[in-house]
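Next, two complexes with subunit A in common: one pairs it with subunit B, the other with subunit C.
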Partner chain A sequence: MHSSRLTRRQMLRAGVVASGATLVAACTPNVVKETVEVKQTVVVKEEVEVTSVVEKQVTTVVEKEVVVTATPGPGECEMDWTPTFPEPFKKYDPPVEVNIVLGERYDSLPENGPYNKYNNPMYNRILEHTDVRYMSKWEPAGDPAADSQKLNTAIASGDPPDMWQASGTFLQELIDFGALAEFKEIWEATASPLVKEKKGYPDHYAWKQVLQDGKLYGIPMQSGPADNDDIGFIRQDWLDKVGMKMPETIDDITEVARAWKKAGICEYGIAASKQLVTWMVDLAPVLGAYGHMPGAWVEDGAGGLTYDSLSDGVKQALAQIRSWYAEGLMDPDFITYDPYPGGYQSVSSEKCGIWFSPFWNYNIDLNVNEKIPEFLQVIMPYPKGPEGKQGRWATMSWGAPVIFRAGLDPVVIEALINNLNWQTEFHANWEKYQQYGAFDHDTAFLEGWDWAFDENCEVVIGPYPGTWHCVEFGWNNNPGYPSQQYDIYAPAFKWMNEPDKTKLNKAQRYLVSSKANQRSVEGFNYSYETQAVQIVNQFWGTPGPKMTERLPDLKTLEDTVFLNIIVGNDPIERFDEFVQEWKANGGDDITAEVSAWYRSINS
Partner chain B sequence: MIAENSLGDRLFTIFLYLMMALLAFLCVAPFIHVISLSLSSNAAIKMGAVGLWPVDFHTQNYQFVLKEPQFMRSFGVSVVRVVFGVSAMLIMTIMTAYPLSRDSVPMFGRTPFKMIMLFSGMFGGGLIPTYMAMRSLHLTNNFLVLILPGALAVFSVILVMNFFRGIPVELTEAAELDGASHWDILFRIFLPVSLPVLATISLFSAVGHWNSWFDGVIYMDEIRMWPLQSYLYARVTSQMIQKSGTAAGGTAERMGQSFNELTPEGLSTAMILVATIPILLVYPFLQRYFVKGLTLGSVKG
Partner chain C sequence: MDSSVVLKEVELAPPAAPKVGRAKINWRTHFQQHWPLYVMLIPAIVSMILFRFYPMWGILFAFKKYSPVAGFAKSPWVGLKNFSRFFSSDYALPILRNTISIAVGKIVVGQIVAILFALFLNEVRSHFFKRTVQTMTTLAHFLSWIIIGGMMVQILSTKGAVNQIVTSFGLEPIRFLSDPAVFPWTLIGLETWKEFGWGAVIYLAALTNINPELYEAAAVDGADRFQRMRHITLPGIKTLIILMSCLSLGGILSAGFEQVLVLYNPVVYKTGDILDTYIYRVGLVGSGGMPDYSLGTAVGLLQGGVGFVLILVSYWLADKFANYRVF
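Entry: the complex of A and B
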């Protein structure tokens, strides 16, 4: 009798065949790649214990696959620029060694290559010019939870790295427990005037978290006001299809989405993700159009602060979003979407054509043009609300400060500050030093790696672009000051607007010829120029006891109520009940606490 | 036996089959989705267009994974870890379970020893003391840290001990009459009849070793020493962060070249699949002992 049962032997045989097939398939030659030019940038901001706000700028540059047919021989082409470096601020002999959590995974590079983790262009650059030799205490998993566990374990067992980053409650605990080095004297004597100016020492609010009782415990790593704030985007090709002009108001947005839906261009129109205000694909500028921003503490007119989620403007905005939802102009699944990939994909899969994201998201079309050639993303002005207001959430710019372990040799701290001096000088004046790798998060910009000469001796992308990132100041690959991105993009903006490109050198021409780079600079410029619409959260202190105890529950209440109002489970009047509930359940205490703090810092 | 050939019975059977098929499908659907993602193109994944079938079929993800030195290195660490880890566990467990199971043979401190073992099986020391202990034993950044702490699994000892107790006492008595030593009894009688329970604890241990990721992350400072699951965990959970400008700056642009046709999602899924195959292959060998061993050990004694 023929048995149809799969025996163990047969199953194993099938497994082996399948594995073999996978191997064979995996070893098939590369498909010739089409010419694509894509820049994808994602910023992840997560609340974690170690770094209360970790801002991670993620950049994948997928540039042109260059086919060089008649490559000039060695020496036939010449660089028409000369990279130089700032002078060292102080020499240390021998170089100081610093144990850090070294994030670079250089060991994933081709084995037997010329370079390794402790010998590569960027590492050597820092060693040579600042005499700091960064050693890897350990390599991070890249997952905030696992990494903070490892860090906590190391600290608790008395074996922390020499420097790391922390903020918020964790930072305060480290200070209180005496786990950190105090270095105000060294800082004041060593930090260059440029660093102090760029980092706004000591007046910029980010310093308040590390300057306590006249002592200094860390160096804030700030970001800029335009770096991560939302701007609006719209599909120009869809606007053209329905013959409508660029929307300027909330009502215009409604009309456009309605027209698209009616014409069958897309399923919904307006993209969102499960939080109204988050790091990308959110609705912050819609709320801003009503002059208010959930989650922000704003001045109450009496010297204190008030929680903006309770304002009438937020209620109006919720009513508007609710009507979009009811009319089917928003993706109904948005309540399940994380900003990425859910929110992102509601745009990239052509369900929606209006969304709000930071400038580095000005590239969704470039990512999918291969499949949807007509997809054209353009910047949409901040929509105006009924009273003509515009607004966006202002991303805080204080990052997580770099801190040093207690007992670290003062000479090492001094050397690290000199490292920061050098780095800041390098970044702020990259045009002068002709260091074009600074444009893209500081790559080495090496011939044969990042770029190569083509047959016309023009600079084109190289075989291993961006391989050499730097270990510059700790593991933070930039000096971290508010105008850093501006300093990087301003020269590029100038070159892009130069009508006669022959006046530029080859490297400059290469940088500005990339569509992705053009978009980055254009998007940043827009974000920078429109800072006036920022709605700034005025609370940036360490959370007080009431806030620590009550705010998480109140935030959950807020999120739940707002979502239920939007999806129609609750009437809009629920908002008024929410305000009373919020106040009664500890909200008033928090407001008093926050206001007292605000008055104290302003007195 | 009642004949089940009425129309109602047959319809009910069909219904049951359909329900079971649906449930089975629901179980494998995520796995199929993972396979599809690993074989789909960058643009399709970015658009969220991949369901249960690959879109724009390609195998670059697998090419990349199989050429990724660290992936293969971690794969090797995991294989070695499973082989030595399971072997060490078997030796330790058998050696511990045998004397504890021979109640008829007097042994000094048998009960306190059992209590200590039971206590340590129920209450752990906590991460930080354990970490400090490992560090003072010079086991951090040492391959042995992946094997030694788990070599004596109390649960397995109890299982094997109870299984040994279930072996008819006449067998050991007969052997002893013939002059057999403890070694003879253990190797010639106990072990041959205990294959089900040994297969069971081996499978537990092998799967445990293969899937363990946390010890690699905590005890190993260098990624090159990580076992496969630690590496996968880092790759998969931080699929965006790994390209970040702060946490692991540089990898982004390094990946940029490889990512011409690849996405983190596609790569992660390919890695997950490649990592799943070996442990899947272990199951058929041991499956038939599995249930038998587990129940036998637990009800006898």
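Entry: the complex of A and C
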């Protein structure tokens, strides 16, 4: 009788054949086609809630073939610059050991390289010049929620790392329960004048969270006004195709997107993602064109604050976005994807040609030009609303402060502050020290890794550029002061504007010849020069009890209502009901709480 | 033999074990006879105590205003405040309603499709075809929602594969993931698609227990395939259907956390937000970097409590309708 089942003999035979095939495959010489993953990493800060800032990493993986050409042998080309380092502020023998958790990116080390987690150029540099040996307390999961769980468990069990970052309610509780080291005396005696000046100590408002009753519990990590705010971008090649000029108003944007759609150039036109105001590919400048910004607390004219999501301007902006959606000028599915990768892809896959992102996103075309050579991204001015207003969400100028656990040896704290002194000196004066890796997220800028000599002995990109963010915690890659990005880009801007490039050294020429670097500087400049349009969230204190209890539900209500209005599930009149609901369900209490805080800090 | 008599007998006498009065057990003799079995039970009991019972002290979080900084002992007691906070929220009722309706939908639709699938697959003659189909339909069960969710967002998008078919008939595209009225059905449909193959396994196993003589006798008496299915197969697995339905009651407050989390968005919170996603958002993610462990635990405890009662009810129902008992 015939059976469709395999017999044991057949099974064995099949197994032998499969093993043989595997063996043959394994022994076959590899086809030599080397592909390299070039990870372009950009650190961005995402506004999560009113008080917390989470660092996110966007990784673009570009596959490219490495062309191996005859390069000059060792010693045939010479560096015409001499990298040096700032002098150590104080030596510690033996070096101090510090247990940390977050932001260790040793995973970005190239595989098969000679280096590991505790032995690589960046790690060794810190150890050698500042005598601080960073040790990993535990492996970060990479997911903010999971990492925060682990940290909370460690704190609850009385075994926190030596230094970490915290803000808002969490920070206040740590202070109140005596879990943090107080180090004002050490700070005053150790912090260099440059650090104090750059970080605006003690007057910059970021210090108010950690300076309480004359005691100091943390060091704020600040950023500049241009670092992460949105600017507008548009596809110049598409504008040319329809023969239209750069849009200046919201109506112009509508006209351009309409023309593109009509000409069959793209499916939609205007890019967005499921959060209206977020860290990239959002619609904040569209809302700003109506003079208001959801999520921001702004002055109410009577000495207090009011929640800007309730303003009539937001309603008008929602009506505008709703009409774009109804007309098919936006992706009907934008609410299902995140800014990255969904929002990003809606641009890179040519569905949309108008989007808003921070300056470091001024490179989408460069990433896709190999496939889409005509893709040309240019800066679009902030669109003007019906009353001629322009506006953008001002990302918080400070993230979670760095704090030390109670009981940490004062010598360790002192060494860490000296480490900050050294890093600040390094970043503020990188031109003087000829440390060209500082330009691109502080890489080691090593020959054979970050860069190489070409046949003309000019510096070109190396096989593993930008892979040295090894101990990126606190100030070890980023001293965190407001003008930091400006300090980094100002020299590069000067070199870019130098008409006679032969006056520059090879490393400088290499930096300014990169299209991506030119874009970064240009985008940053635009963002820096237009900071007058910022709509600033005036609430930066610790959330009070009402806000803690009620805001999560109210935020859910807001997100739900706004998006449902846009996609047409709810009529625009729903906005007025939302305002009433928001106020009745605890919003009025929160407003009173926040206004009382605002009056107290201004009195 | 008169087939109608046979059919009637089958309907009247479901294959159930008669209840037997419990005999007194001499534990000493019993243990001497069966001690290896008890030894084998030890690892299971230890892991049960370690991972199920020991962490239960954590439910005390629900009655405290827990702060990881203060630690458990120093966090203040707040009694039932966390519970009243949840119920005073505008979201409590919609979330409960969503959870129950989505879970019930998944149970009902899932059961029906699994049973129909088992019935039809049982009728297939080709052994090879039957096995292939069964393997293919079971495969989706082993994939995580993270993977399936990512694919489904694409497939169910307005210009995705499914809507391409829909619009090719001249219909409006269906907004599977952004229409609050459609979203729960999307969840139910996807869950059913993913699990029906796996759900059918137990029914297919039960079908092999039906005496083939019954089919042969019915065929001799002129019953066609549908009549045999209706009068022999279905009654043969009726007890199992009742049992499975009763037992699934216990999971009525768990409407599928991973699935909803990867598919939902604020537009469909109204009909798609469930207890588990709420607990996740409030209790683990929190706002301002501060998770509200206590509120999350309180809602989780509520869910566990109701689930416990429902399991007792389902156990009682299973005993009543299907004579199924564990103890």
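The definition used in the following text is that the second predicted complex is superposed on the first by the 519 of 603 C-alpha atoms of A that agree within 3 Å, B and C clash if a C-alpha of one lies under 4 Å from a C-alpha of the other, contacts with A are read in each partner's own complex, and residues count from 1 in each chain.
The definition used in the following text is that a residue touches a chain if its C-beta (ideal position, glycine included) is under 8 Å from a C-beta of that chain, and two chains touch if they have at least 3 such contacts.
These numbers were taken from a predicted model, which means no experiment stands behind them.
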Touching partner for A:N517 - first (subunit B), second (subunit C), both, neither: neither
Contacts of A:N569 with subunit B and subunit C, given as first, second, both or neither: second
First, second, both or neither for A:E370, with subunit B first and subunit C second: first
Partner chain(s) touched by A:A156 [first = subunit B, second = subunit C, both, neither]: both
Larger contact residue set on subunit A - subunit B or subunit C: B
Touched partner set for A:L551, first subunit B, second subunit C, both or neither: second
First, second, both or neither for A:N418, with subunit B first and subunit C second: neither
Touched partner set for A:I335, first subunit B, second subunit C, both or neither: second
Partner chain in contact with A:K274 - subunit B first, subunit C second, else both or neither: second
Partner chain in contact with A:T254 - subunit B first, subunit C second, else both or neither: neither
Doubly contacted residues of subunit A, that is, touched by subunit B and again by subunit C: 54, 149, 153, 156
Residue numbers on subunit A that touch subunit C, as the complex places them: 3-5, 48-52, 54, 145, 148-149, 152-153, 155-156, 158, 166-170, 173-174, 176-177, 179, 267, 274, 332-333, 335-337, 400, 543, 548-549, 551-553, 555-557, 559-560, 562-564, 567, 569, 581, 585
Subunit B - residues contacting subunit A, complex: 43-44, 46-49, 58-60, 62-63, 65-66, 68-70, 127-128, 131-132, 135, 214, 217-218, 220-224, 230, 233-235, 237-238, 240-257, 259-261, 265, 274, 277, 280-281, 284-285, 288
Residue ranges of subunit C in contact with subunit A within the complex: 67-72, 74, 85, 89-91, 126-128, 131, 153, 157-159, 173, 175, 177-180, 265-267, 269-270, 281-282, 284-292
Residue ranges of subunit A in contact with subunit B within the complex: 8, 11-12, 15, 19, 22-23, 25-28, 30-31, 33, 36, 42, 44, 54-63, 65, 103-111, 122, 136-144, 146, 149-150, 153, 156-157, 159, 340-341, 344-345, 348-350, 367-368, 370-371, 440-443, 463-470, 475-478
